[in-house]
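What follows is chain A paired twice: with chain B in the first complex and chain C in the second.
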Partner chain A sequence: MPDSTVTTVSAGWALAAAAILGLLVAFAAVLDGLFSARTAGAGPSGMTRPLGETARLVRQRRRTTVAADTLLWRIGSSGLLFMALMIVTVVPLGQWTLFDLDVGVVWFNAMDVLAWAFVWLTGWGANSTHSLIGGYRFLAHGLAYELPLMFALVAPAVAASSLNVGTVAAAQADLWFVVWMPVAFLVFCTGVVAIAVWGPFTPALGSDIAGGVTTELSGVDRLVFQGGRYALLAAGAAFAVPMFLGGGNGPLLPGWAWVLVKTSALLAVLVWLRRRLPAVRPDLFMEVGWVVLLPAVLVQDLLVAVVAVWRT
Partner chain B sequence: MITAISFWVLAVVAVLSGAAVFWVNSMARASYSLALSFIAVGVQVLLLQQNYIGVVTILMMVMEMAVMAVYMVMFMGMNPALMPMSMVHDKRQALAVAVGVFVALTAGVLLVPWPARRGAPAEDVTAALGEELMGPKMLAMITVGVVMAVTIVAGVVLAAHRTRYDRFGDDLRRRPAHDPQPGGVGR
Partner chain C sequence: MGLSNALARYAVNHAHVLLVEAPGHWLTRAAAEQQLLARGWLFASSPADADVLALCGTPGPEIAAIAARLWEQLPGPRARVQIDAPHLAAAAFESAATKLLDVTLQRDDSQGRSATPNGERHRDNESEGHDGGHDHGGHGTHVGKGEMDGGHAEHSAMDHGGSSGHGESGDHGGMGHGMDMGHADMGHGATSHGGMDMAPAGIPMTHGGEDRDGLELDVLHLRLGPVLPYWPTGLVLRCSLQGDLIVHAEVTLVDAQHARHHAGVRCAHHRAARRCDNAAGLLALSGWEDAAGRARRLRDWLLSDGDRGTTARDLDRLHRRIKRSWLLRWSLRGVGYLSAADVARLDLPGHLRGDTHDRLLSMIQRAADDIAGSADASSDASEHVPIVKIGDVVQGLDIATARLVVASLDLDPQPAASAVAHA
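Up next, the complex of A and B:
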């Protein structure tokens, strides 16, 4: 099996990683604004929408509610951004990484599970019925998407015989994992979209419950929560690159450039999907997750394991 | 040095947030202070270079607390769990037992003559720990794992008051099934 060739950079580069994540967030937000405006027939004016929204939210006064659990509310609404930052620490940018953890794949899993806590806490903290219902809608989605997501992460790890993200990326020099484990890749993308409460998984923020989890969120808290959703989408896309899309492998360009190109491309697709897929009802999706996704991804894992044993 | 300081800070966080489970007056705060306590322990395990076990501890415990939030609403009838409530019952006896156990354990920690380290830690500590715990019993442990999973499923099946006859009718021919909560696959 190929060995990891990544070098760990000093902790100061974490700022650079955060800046790259920030740029990806801005890219995703502008793209989403553009798609929104095009749907509404407003031309390219949507590009500045994220900027205006940011300015509006920074100036907005915080809304307070009666008997709010402020501590947990703030922890929840800022948590998604924290998760995204923690995820990108183990994603190698070409040959550099911030945190060359030997169990990086499990690290991603531990961080994505935090969404269960943070989204629900955001819904809980406001002491508002609608936002609590939104929190429970997210947990219902979580019960359906989490196990398939976990088993989707198993496939690349088994194929590379390693839980280290750099080693998994290096194992795809000949053939990208997405080619022979497409089911795991699709389920992984579903999981990323779900932890970002994006696209089909927006019933937790649904307009039928007055915005769900975000009902009472205002000002900076709302900005950080919404920014955190884009950041999770970007971090998930970035993590898919070493796991399924060959890491830094590619012709002509250096490794770090390929990682950024692939991340941006996948991120753009995920942003675009928001308007292409219907919202999935948590109660109906529960059965889809357990009856369709979980068996499908288990069969995928079995095939990958058989191939891995046959190769050695 | 930094490792030692972080270890002690995390130890204090783990103990205090564990104690906070009983001080706070809301189920959400109690659940998540327990989660924080376990996260601190997980990071401590990371500091002991048991990376896999440390990260998995964080993963399991956060998820467990979120699942607890689900059950809090499912099984607590009129939802007292959503209102401020005391986290302790039977205070006097519980306090006596807790203090007794704490004193016994602390006395054990302080009085037992701990052996000095012999030899060096293994190359892969997680694998070495698994080998030490399971040894040649690995096959038996794997079997026990499957048996436990089957037991859980069987327990749920036995506890559910609806059977397949309620779903598919007496001749098991009714399609789609008659469910109080329809699913997305339309079975």
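Up next, the complex of A and C:
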């Protein structure tokens, strides 16, 4: 069994981790800005859109609604960013990690489940029908993606015989897990896109219900919520690297650089996907989640388990 | 100061605009969309998201009242412009940008508003229902309820439950107060009055009703339209919801009496542009922004009398792209299926047969026919969708599918006001 080779760095480095996450968020947002400007077909390049959007929302006044559940509303809208920050604490950057947790994989899972609460609370708190419907749509998606996502996380953990993220990454020195567990990888990516309320999973923020969960968000609340979505996408991509994409393994470049390169590449794909795919209605996805994804990922787990037993 | 100036400039370069289209002025709205995208601005999906409120066309009294209430919901800094004609859009947005940058103006504006959701801020919210509003001032008065409710059409939440709760007692009074739509809520009064007793923050609780399985479930009243992204102009659908299922829907038009036909669909190019505009809305609602953007660009080319050959080719490309997307087909297949018998029963035009996916493709096909000039010069009158039937079409659907189905009906601008009048 391969041993974890990561060293835990002092807590002060958490700021650096947050900064790196911030850079990844900026990267994703600029990329998305470029893509959407191309769709619009006219106007500026979209390069400055993230900056402009931030400036706009910082300058905008915060508004509330009558009988809003302000506390829960604020908890919900800031929660996504919190989740993303908690997820990156267990992602090793090459040989360094902030938090060398024995059960890092479970930690990720615990964090991603919080999306249920946070997105729904954002929808609930505003005391508005549109945002409440948005919240329920997210829960419907959640019912379909959550179990497959959990079982997708099981596959790498079984193969590496460890729940420690560093150990899972080290177990892929010879062969990346994505190669022999592609189904688990795809389901994991679906889950990441879903917790970020991104791409096909945007009905919760749909324009048919005036922005859904975000209908009543303005100013800094909207900024933190939207930033949190990008951050979750980035954190999810970063977590996929040690789980499926070989962690810091790679020629020439040092481990930390490989982690960043792989994260950015996966993040770019996830951002691009949004342009290509229409939204998936929750009622339809429910069927897919339970009838297709869950059995597929269970078969994947079985195969991985058989291989793991056979190898020992 | 330098920093805040730079911040303001950046912010204004990326403003979000809430478009309110006066019935009959879709060309102005199309021009406004084109101009705002050219500036790098974006559409706002709700007032909370908007910096600029742009009223496209000359509004009738109802739309004007609605725009005034929406205006109260913009968080600020904010600017309001009216665009009277398509060619004035660019200048209007320029003036909006200037207003947004004017610190003194914005400061005065914000000082005139109260920060709590009381008084004017009340109307920011879902529950403005119990705010008498500027006109009547009576917190919790029945008249006030009807009033505000109408104004807040696009956004309403529990308040609709509330307003109907008072329908019996209050809305008759409300009618006397004129121009809003509060009185129209009477229709629901009978099912749900008397919620006044337990009213947190003045918002009456919802009331139960029997659902499809005969179980008691809360009935929520929600008004769809008239200001909602990708929603047919001037259409208001007063829905009773159980969960997010529409159990009953009633159709009205705003400013129906003031309908003018000056912006009808005159030439084949404009008809094709209208088809593209509708297709863009449907694609955007199905969550496919990219394809929606393409349809919108095609519309703009058609309206600017662009090159016919290129437009036809691009339209064909869009058609194929839509056909190829299995995810879209899977998501729209079977949605709002109308059989030949349904079409006949509801008196709908024949091209609406099939499901939403069929209708999307037929929309693009009809646009292509219009460009090619091969469309049988079908008289608009016979093609009109009788909009009173929309209520029947969406009954029993959830909000998401109802929105898709309404968008797929490919309504022409300025739905015939007479259809409602005689209904």
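The rule we apply is simple: the second predicted complex is superposed on the first by the 310 of 312 C-alpha atoms of A that agree within 3 Å, B and C clash if a C-alpha of one lies under 4 Å from a C-alpha of the other, contacts with A are read in each partner's own complex, and residues count from 1 in each chain.
In this text, contacts are C-beta pairs under 8 Å (C-beta built on N, C-alpha and C of every residue); 3 or more make two chains touch, one makes a residue touch a chain.
All values derive from a computational prediction rather than experimental measurement.
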item: Touched partner set for A:214, first chain B, second chain C, both or neither; value: second
item: Chain B versus chain C as contact partner of A:36, first or second or both or neither; value: second
item: Which superposed partner A:72 touches (first chain B, second chain C, both, neither); value: first
item: First (chain B), second (chain C), both or neither touched by A:280; value: both
item: First (chain B), second (chain C), both or neither touched by A:301; value: neither
item: Chain A residues touched - chain C or chain B, whichever exceeds; value: C
item: Partner chain(s) touched by A:100 [first = chain B, second = chain C, both, neither]; value: neither
item: Partner chain(s) touched by A:55 [first = chain B, second = chain C, both, neither]; value: second
item: Chain B versus chain C as contact partner of A:136, first or second or both or neither; value: both
item: Footprint overlap on chain A, comparing chain B with chain C; value: 132, 136, 280-281, 283-284
item: Complex contact set, residues of chain A against chain B; value: 69, 71-72, 101-103, 106-107, 109-110, 113-114, 116-117, 120-121, 124, 132, 136, 139, 142-143, 146, 163, 280-281, 283-288, 291-292
item: Touching residues on chain C, where the partner in the complex is chain A; value: 7-8, 10-16, 34, 37-41, 45-46, 48-49, 51, 73, 75-77, 110, 116-117, 121-122, 124-128, 130-131, 154-158, 160, 200-203, 220, 222, 228-230, 241, 243-244, 283-291, 293-294, 297, 325, 327-328, 330-331, 398-401, 403-404
item: Chain A residues touching chain C - in the complex, by the definition given at the top; value: 36-37, 39-44, 46, 48-49, 51-53, 55-56, 58-68, 126-130, 132-133, 136-137, 200, 202-203, 206-211, 214-219, 222, 274-284
item: Touching residues (chain side chain B, partner chain A) in the complex; value: 26, 28-29, 32, 35, 51-52, 55-56, 58-59, 62-63, 65-66, 69-70, 73, 82, 181-185, 187
